[in-house]
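Which chain is which? They are A, B, C, D, E and F, in the order written, and residues in each are numbered from 1.
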Amino acid sequence: MQKIAIGKLAILLASLSEEELNLFKPDLAQVSYCQGKVGSMNMQKVIAAVETAAKRNGLIHDSLYRETHALYHAILEGIEGLTRGKPAIGEMSRTVGLRFSVVRGTPYSESGEGEWIAVAFYGTIGAPVKGAEHETVGLGINHI
Amino acid sequence: MQKIAIGKLAILLASLSEEELNLFKPDLAQVSYCQGKVGSMNMQKVIAAVETAAKRNGLIHDSLYRETHALYHAILEGIEGLTRGKPAIGEMSRTVGLRFSVVRGTPYSESGEGEWIAVAFYGTIGAPVKGAEHETVGLGINHI
Amino acid sequence: MQKIAIGKLAILLASLSEEELNLFKPDLAQVSYCQGKVGSMNMQKVIAAVETAAKRNGLIHDSLYRETHALYHAILEGIEGLTRGKPAIGEMSRTVGLRFSVVRGTPYSESGEGEWIAVAFYGTIGAPVKGAEHETVGLGINHI
Amino acid sequence: MQKIAIGKLAILLASLSEEELNLFKPDLAQVSYCQGKVGSMNMQKVIAAVETAAKRNGLIHDSLYRETHALYHAILEGIEGLTRGKPAIGEMSRTVGLRFSVVRGTPYSESGEGEWIAVAFYGTIGAPVKGAEHETVGLGINHI
Amino acid sequence: MQKIAIGKLAILLASLSEEELNLFKPDLAQVSYCQGKVGSMNMQKVIAAVETAAKRNGLIHDSLYRETHALYHAILEGIEGLTRGKPAIGEMSRTVGLRFSVVRGTPYSESGEGEWIAVAFYGTIGAPVKGAEHETVGLGINHI
Amino acid sequence: MQKIAIGKLAILLASLSEEELNLFKPDLAQVSYCQGKVGSMNMQKVIAAVETAAKRNGLIHDSLYRETHALYHAILEGIEGLTRGKPAIGEMSRTVGLRFSVVRGTPYSESGEGEWIAVAFYGTIGAPVKGAEHETVGLGINHI
């Protein structure tokens, strides 16, 4: 019933190298997407980085709250995966170094299902000390 | 400082097709791993499926609680991403259809950092109605 | 910027008596809504009661996952208020007796903002013993 | 068994207009209450606004920790509804604009049940951008 | 300002041996308390065991919801410590073997602060496999 | 199967007086441990106090992320008990005054189970007002 796996594409966009992504070019041609990077101890900056990238690349309609709302909840869901249930970083003495992606497309064959948005994060989370970190991943999906 | 991205490998093992995985064979040769599938409205079954696969494939030492403990917390972290902060499925009227992987390896160049374990989930989560579901991803990482 | 307060209407529909609601008839005429009741120690039954009422009364399009998804997340948000951060009832030895409402409308003056849905709960939560309970309220809102 | 619905009164005090509240004057005469407003990206300010209003209006006994404790937990429960399980605002890039109320009374017919306190919030939550927000509600109840 | 540490006494009652407790007899003489044991994969049974012990030993007034409410929230807080933020056991494939205590007393010098209740748990949490478990502790405190 | 209760020892180290601890000297001789104090409205300071004490007293290997990771998760689990599910203090207008301990040892008879670490907190949590606080306890345990 799903013809395009926007979540999988989002994860790949956030975690693969340019070269590795070549394999998935045909699938990527079927969706709109953007990629970005952010490193911070401040969750507000992570959220802002994704929102700004999504707007600048025309993935959401800038002045419609409806679209901002869909994106915001997809970001929050991605952050839950990233932080595994404790959506706080700096306060908990953690820092993140992330690549992220936003994918917009029509995953379902049924045309009435319309557009959906996926936000993926891949990178590291850890103590604010070089090397004291491990990988982390998050994915959020919403109808838009 | 990280020479092998066990989290990325785990995510790819859970989400890519056999064919797509070919590209990553050289990296996979550097770690131990297993893959599995589980579909359920019952989180206990999801946890048991991963634990059983990990034991059967020799990824954790069956009779050491120490290793069971490391795996269990990696599974729980993966479930947080999967359920985005509400680690309940059946009770919240949701069902999951998942592929999962367990990867064990030595991600850091510094030999003292020893072995780590990654658990990844990729699949769908949704209402217990055909088609009423979207993608979901979870990743947990722990020292072992 | 908001011309209709669908959240407030949902709360009133769930908590006021028939007579008290008369005062709000003009506002209610501007939205679609339904009301229902459910008492249970089982959250799945609470969710099912709202979903069934919403479908039966034509508040969501039965066969579109997109609309089911919007409603489901609004229900979950309402449940967070209801259970105040611990979305479990029976397992935590609690029972709920609830009136609920679903309201669908166009809250924003800007037509591009389209339709939104609100789910409200009002009733009691407590021990499974007559009288050992107090009031509880929950509201969830989503774009649809 | 409940003769006065202090939770419902608290919700109405926070969400209705002066005029709409007239209908509920007889019920309000049976309880002590206060109303207030607060807008912030900082949860500490929201908590302080309610605590200050409750003290200033004599709803809790200023120098008794016992009463402060009862009020604080009722506020926290209200915040869970408000933020739907993620009791953070500024860090998650959200701002709230709220009306709130505190109601103190004797909801149960049985005199031994004594006094209880209800804290309600009604207003908007959203991005720190004009118009990018929707309604939100929270209610907490505690024995005092 | 606190003359009796009811929380500390509760923790000691749940974790020390009969013999070790002798040292604290003078302090214990200043409060009312009971002790109990429960082992389960079912949180409802843990809650019921504490409630039943507290009622049977006259630590709470059986027919007053006010007291049941105070105890219930103290139990819930203890469970948060026990399960460290995921108040589910069986569903998460965990079992607990616990000793618990309920202490009621007047911890503050100021007489207006009245009575408070403490609930403590000490024991093991782990996989439903002999030996695959580690220690866990939880404490909840409430005014009553 | 457990020969040394490192969790119980950690709790006692954090909550008993010097004199009371004398009773437990024989057990304490079997483990490595340190004790410390911290008072703050800032969780980052609480985490840093424990990490610094553990490093300074040689309880974890300073330059191994593996050990920092084990300690960090034990601290986080202790904080869940401390804050009972809402790992925020200052933002929620709370302050803590804590004694803490870190215990490292080999709790299991089976030598393959190796070393484990326990982190315990005992003290008060409350409003940033003298006297407006009650006791709180937290314990985290991890393999190391």
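Going forward, a contact is a pair of C-beta atoms (placed from the backbone, for glycine too) under 8 Å apart; a residue touches a chain by one contact, two chains touch by 3 or more.
Since we're looking at a predicted model, the values are computed, not measured.
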| item | value |
| --- | --- |
| Chain hops separating chain F from chain A, counting only touching neighbours | 1 |
| Most widely separated chain from chain F, with each centre as the mean of CA atoms | C |
| Between chain E and chain D, distance of the C-alpha-averaged centres to the nearest whole Å | 30 |
| Centroid spacing, where centroids are CA-atom means, of chain A and chain E in whole angstrom | 43 |
| Separation of mean Cα positions, chain F and chain E [Å, integer] | 20 |
| Touching two or more other chains - residues of chain B | 65, 69, 76, 85-88, 91, 108, 110, 131, 134 |
| Chain A partner contacts - residues on chain C that touch it in the complex | 61, 64-66, 69-70, 73, 108, 110, 112-114, 142-143 |
| Residue ranges of chain C in contact with chain B within the complex | 42-44, 47-48, 51, 65, 68-69, 72, 76, 87-88, 91 |
| Interface residues, chain D side, partner chain C - complex | 1-2, 5-8, 11-12, 15, 20, 23-24, 76-77, 80-82, 84-85, 87, 107-108, 110, 116, 118, 120, 122, 124, 130-131, 134-141 |
| Residues on chain B engaged by chain C in the complex (per definition of touch) | 86, 88, 90-93, 126-127, 129, 131-134 |
